[in-house]
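One chain, chain A, appears in both complexes that follow, with chain B as partner in the first and chain C in the second.
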Partner chain A sequence: MTTTQTRDDASQDVRPDPARGTPGSGRRPHENRDAYLFLAPYLLLFVAFVIAPFGYGLWISLHEYDYSLPEKPWVGLDNYTGLLDGTSPYAEAFWDSMKATWIFTVLSVPLLLVLPLLVAMVMNEKFRGRNLFRAMYFAPYVLGVAVVAVLWRYLLDSNIGLVNHYLGVLGLPSDTAWLTSQPWAWISLVAVTVWWTLGFNAIIYLAALGEISPDLYEAARMDGANGWQRFVHVTLPGLRPVLLFVTSVTIIASVNMFGQSFLMTQGGPGTETRTAIYQIADTGLTNFNSGDSTAMSMIFSFFLMLVSVLVFFLFRDREPEGNRR
Partner chain B sequence: MALTRRQLLAIAGGAAMTSVVSGCGGSTVPTIDTGSALGASYDGPPVTISYWHGFTGGDGPAMRDLVDRFNSEQDRITVEQNTINWAQYYQRVVAAIHAGRGPDVGAMHLEQLATQAARQTVNPLDDVLEELGLSAEQYPEQVWNAGVVDGVRYGVPLDVHCLASYANRSMLQRVDVSQQPRTGAELREVLDAMTAAGLETPFWMPNRWPAHLMFLSLLWQFGGEPYAEDGSEALFDSDAGVEALSWMRQQVEDGYSPDNVAVDTQYTAFKNGEGAFTWDGIWQVNDLQAAAEDLDWGMAPIPTIGEKPAVWANSHHLVLFRDRSPDDDRLQAGKAFIRYLTEQSAAWSGAGMIPARNEARETPEFTDSPQAALAPAIPAMRFLPSVPGVPDVQAQTLETAVSEAILGRLAPDAALRDAAGRATKLLQANLDKFGR
Partner chain C sequence: MSTATPTREHDTERPHEDDGGSPARLRRILKYGVLGVLTLLFVSPLLYMLSTAFKTTGDAASPDPQWIPDNPTTGAFEAILGNDGTPVVRWLVNSLVAAGLQSLLIVATAALAGYALARMDFAGKKWVFGIIIGTLFIPPVILLIPNYLITSRIGWLDTLAAVIVPGAAGAFGVFFMRQFFLGIPPELEEAASMDGAGRFRTFVTVVLPLSRPALVTLGMLSFLTNWNDFLWPVYVLFSPESQTLPAGLATLQNANAVRYDLLMAGAVIASAPVLVLYAAAQRFVVEGVSRAGLKG
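Then we have the complex of A and B:
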């Protein structure tokens, strides 16, 4: 991506310059003030819509909180301990939903990282109708989750769905219960999600591929590198800054999966495809147990932060600052 | 008088605060108030009231007509209606009332009345029954009593609706049967005759909606109860429950139903002429009339599979909402509107419902409707107990157990035992929560 690339170049230009000194030390107060002024509009929104609700959520999670009831007693950490030691009536459902979220993420993220890359590499070649194919792969992404889910719910219906009908026409087994049995429910949810969001990652990859200088490929060829070696030593390093972005965004999107299972499987069979967000929404918004559901959200966010840190750690700059290419 | 900048700011700030507070109403919680007595008609100043309901299906146009008629028949009250899918209705109503921006009048399912009363959204109506012109003898006993929670009435009945057995008549004719089976044995006979005649899978068994309504009906038929009357315990894992659920699963195992029938599939299939019987709510009448013109269908009470006739039923009740700053004119207008709607019970038959009012069930509007066939089943109708939180608990426990068993993933007794255990825990938590 252009922006990432320019920022990298700029930092390379600036950092080695000894005249500037270490950042911050030589700044006069009004520079700080100007910086905060420029940040102010965003900070204001960030505080109003992220920090403040987070603090309020934390506060709610320490109460047995149902806003429609007169009493909202303080329970301290009971909501958390109840979920952690299994004494809360919601504990089992919550941890099942965390497990479901984990399964979905593990199944979907690798596919959503690899398949779009393959698609992007094909799209990056020059051939007739390239733009048409680019548009086709991106098209499902513009649909809302409700459209996608209801569409596929009918297509995948085990008794009256088109998918089974055509499998039958082709002489293949036509009685697969795509949405009401395991592992098919997970396979369907993952497949639909990949079909739906593949285009987004592909477009990002495509832009990054376009940024890799042809000179590098030419140089690699001169050194006798074959296609695979060019991919490993030129394409992948060139994609690294974008990979961090794509990986984190994809993980966050997968972990937040809700609409697909809500609409396609109703969390079923049983409650096996009930994801964490599904459970939190159900507990808090449908059943008004805001205390329990905010405690769930906090535990859920904690895990999400852990995963994000892990991703940043994996993609961190392994080479010392001065030796960058 | 000269003001300093500081004083001016203080005054402006104070004014802003006052307007915020008064804008949100006088009290921070909804107040019980049913207004001053309503006479023969509302004669206060012109007023606009808002009416919320969830009639989004075939019942929507019928309600719209009633509201339009009310608005045109008198000129002091204007009713603005807001239709919200039932699935979101109960969350929205609570939020709106507590924010001081709630509606004045609403329709509600009766099993929600206890929950809504605990959530302080609905007004007690015992003192205004006379003004509304309503009394017990106008209604079937169990429907009338269902509007009472802990000795206090919160709703007045508009209609009753229940599960019904829909049949594809042309399929019945193929096996020379003229009317729907009335017992489990008769049903089985017909189903066997149909499969013998090459009609595969005549009775589709859904794993989700309305599967739990079928289960509840059968549970009652076998003599069980889903919950303890006081809401302290889930009882649906009794022998009766296991028998009921086993029977449902049996339909799949005996090949009368395909396996893995997903949400809405059984109904879509029936509409498309697949399957001879389907059990669904009577509100589907309008959809079948509108969207399945070439289907020759009929409806009847569900057969008695268990020991005695029983069928899941529900009822739409009209409620008068509380407000943080009650307004006497709006309350009176609300009561006038409720009175009008209960008087128009017969016209409400057009929604596919059974009017709750006895006299309305003798009018041609109702007796000519398809659902008139179900009126004899009224004594067998059973309702969920009036306990706060039961609908939410049921969605998380009983419904998934029914689904697991019908999909053949768990044995009926194991599925029910596990779900009932969880349900009891949730019910206990609710007792604590709502009992405070």
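Then we have the complex of A and C:
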């Protein structure tokens, strides 16, 4: 990262260099220097905000890193063992939040994988207004979680919300406390999340559907395959490349859920919808118990990585139809 | 968008479908039925938000929905815009600046680094690449607390730099640009270097123009990611004038939990400009996202 020689190498490299035909066959002059000059701006960011915090986080998690303590004593693995064996004052809250994250993920991921696919399949034909519909379903994603959550908190208000009003009109119970009682709080959070991000997954599915050759459907029809068989034997295998992507992105997004519950239920009723991320942020950034908080984030990440590996192998080793309903 | 006229191109697969005549029509009705319901679900909440923004406080809290306000007023907007504690327009500008600058920063640094990793042969390349890619698998929450403390130590808390710079360090952009560069044929660059152009000049005059789709896609995705980010801005920005929309709306909601007229007016101010931008660049956005998915 010495910048004594700057980027006027254009003038220095002027000599044509006939020996250099294909790249990779030996180095050009200044190749090391040039490469690191290209890398320097990114590496600066990378070291400062990825590598350094990674090491710093590990270090913090081994200390009693409380904001109010003048010195932060070394405690070894105590922050971890305390959480794991339940002796830490945060243990119960943390595992409750892990459970909440798990519940949300299990409820939301299947819907976020299946519903957008159905929408994409309905839209996978040329028809008038297709782009308009496509744009409309993606719009909530553009608005961002804050607008979406503030809006739905209003619509789901138990006394004056539209949702209860129209349920009443249909003769259904119209006094459901959508955001302050269970299981409705979970149902609301999942539904709003689907509303917010359905378009994102649908667009990716739609693009992938467009890549499947119509000839394959044609051939399947010739063989007498019905709609379901065509779906299982042509559509799903054709989607396989994006399925891993969509599944991982969706799981990661659900596992990291925070804004919806922060804004709509404030983690309630009680702390039942307080997710792991919520708990970690609250412990570290509101109560400034960084040691406990980073230990939590490490344990959380360990589970998340376990899940990621699992998903990866599920998609790698098996035919997609093997593990789908 | 009403009646049939199924259009060209895909007509090739039509004949087989309407072997009954009426099943095809039924299908079409069903399809437009589904599309209609979906549209209702997606559009009506936004329309209701717009309508409530123009209601009086009382009407906004009325259990009988008014799709058209009985007493239309701009009172909520005036109240919000006149309150120094809730400078929504400022939040909007902050959000646009933060998302815009961050995506520029990501595109610039990732394109340079991605190019070095795709095309250059240098000492330590395997290590640099391996470490960068390795961090793609680190859940970002691990970096939350330490990055907060680092940001705080640099003195960036409560400044826009906090929501621009640290978030630009992610590895996705580098990986994305590298993949793209690997896919373009190297002959043009070789021709340029034969002509005596240095690395940087070749990169700027030959490679970048070829990379416009990838740069736009990465920029768009980065913009959307920053725009949608919530956790980080809520904790690193706290004074009203430094907040971005997500953080600001959280503040607005905390201060006015049941003033739905105010909340909806705030939400309208927050969403109208993006929706307009989005309507104009809709194709770009949608295609960018789908391209990223297909690559992934």
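Everything that follows uses one rule, which is that the second predicted complex is superposed on the first by the 265 of 325 C-alpha atoms of A that agree within 3 Å, B and C clash if a C-alpha of one lies under 4 Å from a C-alpha of the other, contacts with A are read in each partner's own complex, and residues count from 1 in each chain.
One rule holds for everything that comes next: a residue touches a chain if its C-beta (ideal position, glycine included) is under 8 Å from a C-beta of that chain, and two chains touch if they have at least 3 such contacts.
All values reported here derive from a predicted model rather than from experimental measurement.
Applying the stated contact rule after C-alpha superposition, one finds that A:285 touches each of chain B and chain C. In the superposition on chain A, A:172 makes contact with neither chain B nor chain C. In the superposed model, A:106 lies in contact with neither chain B nor chain C.
Comparing chain C and chain B on the residues of chain A they touch gives the larger count to C. In the superposed model, A:93 lies in contact with chain B only, and not with chain C. In the superposed pair of complexes, A:232 makes contact with neither chain B nor chain C.
Of the two partner chains placed around the shared chain by superposition, chain B is the only one that A:271 touches, whereas chain C remains out of contact. Within the superposed three-chain model, A:159 lies in touch with chain B and with chain C [touch as defined at top]. By the touch criterion defined above, A:77 lies against neither chain B nor chain C after alignment on the C-alpha atoms of chain A.
Within the superposed three-chain model, A:181 lies in touch with chain B and out of touch with chain C [touch as defined at top].
Overlap of the chain B and chain C contact sets on chain A: residues 153, 157, 159-160, 285. Only residues 1, 5-10, 12-13, 16, 31, 34-35, 38-39, 41-43, 45-46, 48-49, 52, 61-65, 105, 108-110, 112-113, 115-117, 119-123, 125, 128, 131-132, 135, 137-150, 165-171, 174, 186, 190, 193-201, 203, 224, 227-228, 230-231, 234-235, 245-246, 249-250, 252-253, 260, 263-264, 266-267, 270-271, 274-275, 278-279, 282-283, 285-286, 289-294, 296 of chain C touch chain A when the two sit together in their complex. Looking at the complex, you find that chain A touches chain B at residues 64, 66-71, 73, 89, 92-93, 153, 157-160, 175, 177, 179-181, 266-271, 282, 285-288.
Contact residues of chain A toward chain C in the complex are 7, 9-17, 20-24, 27-28, 30-32, 34-39, 41-43, 45-46, 48-54, 56-57, 60, 119, 122-123, 125-129, 131-147, 150-155, 157, 159-160, 162, 165, 195, 200, 203-204, 206-208, 211, 214, 217-218, 221, 241-242, 245-246, 249, 252, 256, 258-259, 262-263, 277, 280-281, 284-285, 290, 293-294, 297-298, 300-301, 304-305, 308. Of all residues in chain B, only 29, 91, 94, 98, 118-121, 204, 207-208, 258-263, 265, 268-269, 272, 274, 389, 392, 395-396, 400, 403-404, 407, 409-410, 422, 425-426, 428-429, 433-434, 436 touch chain A in the complex they form.
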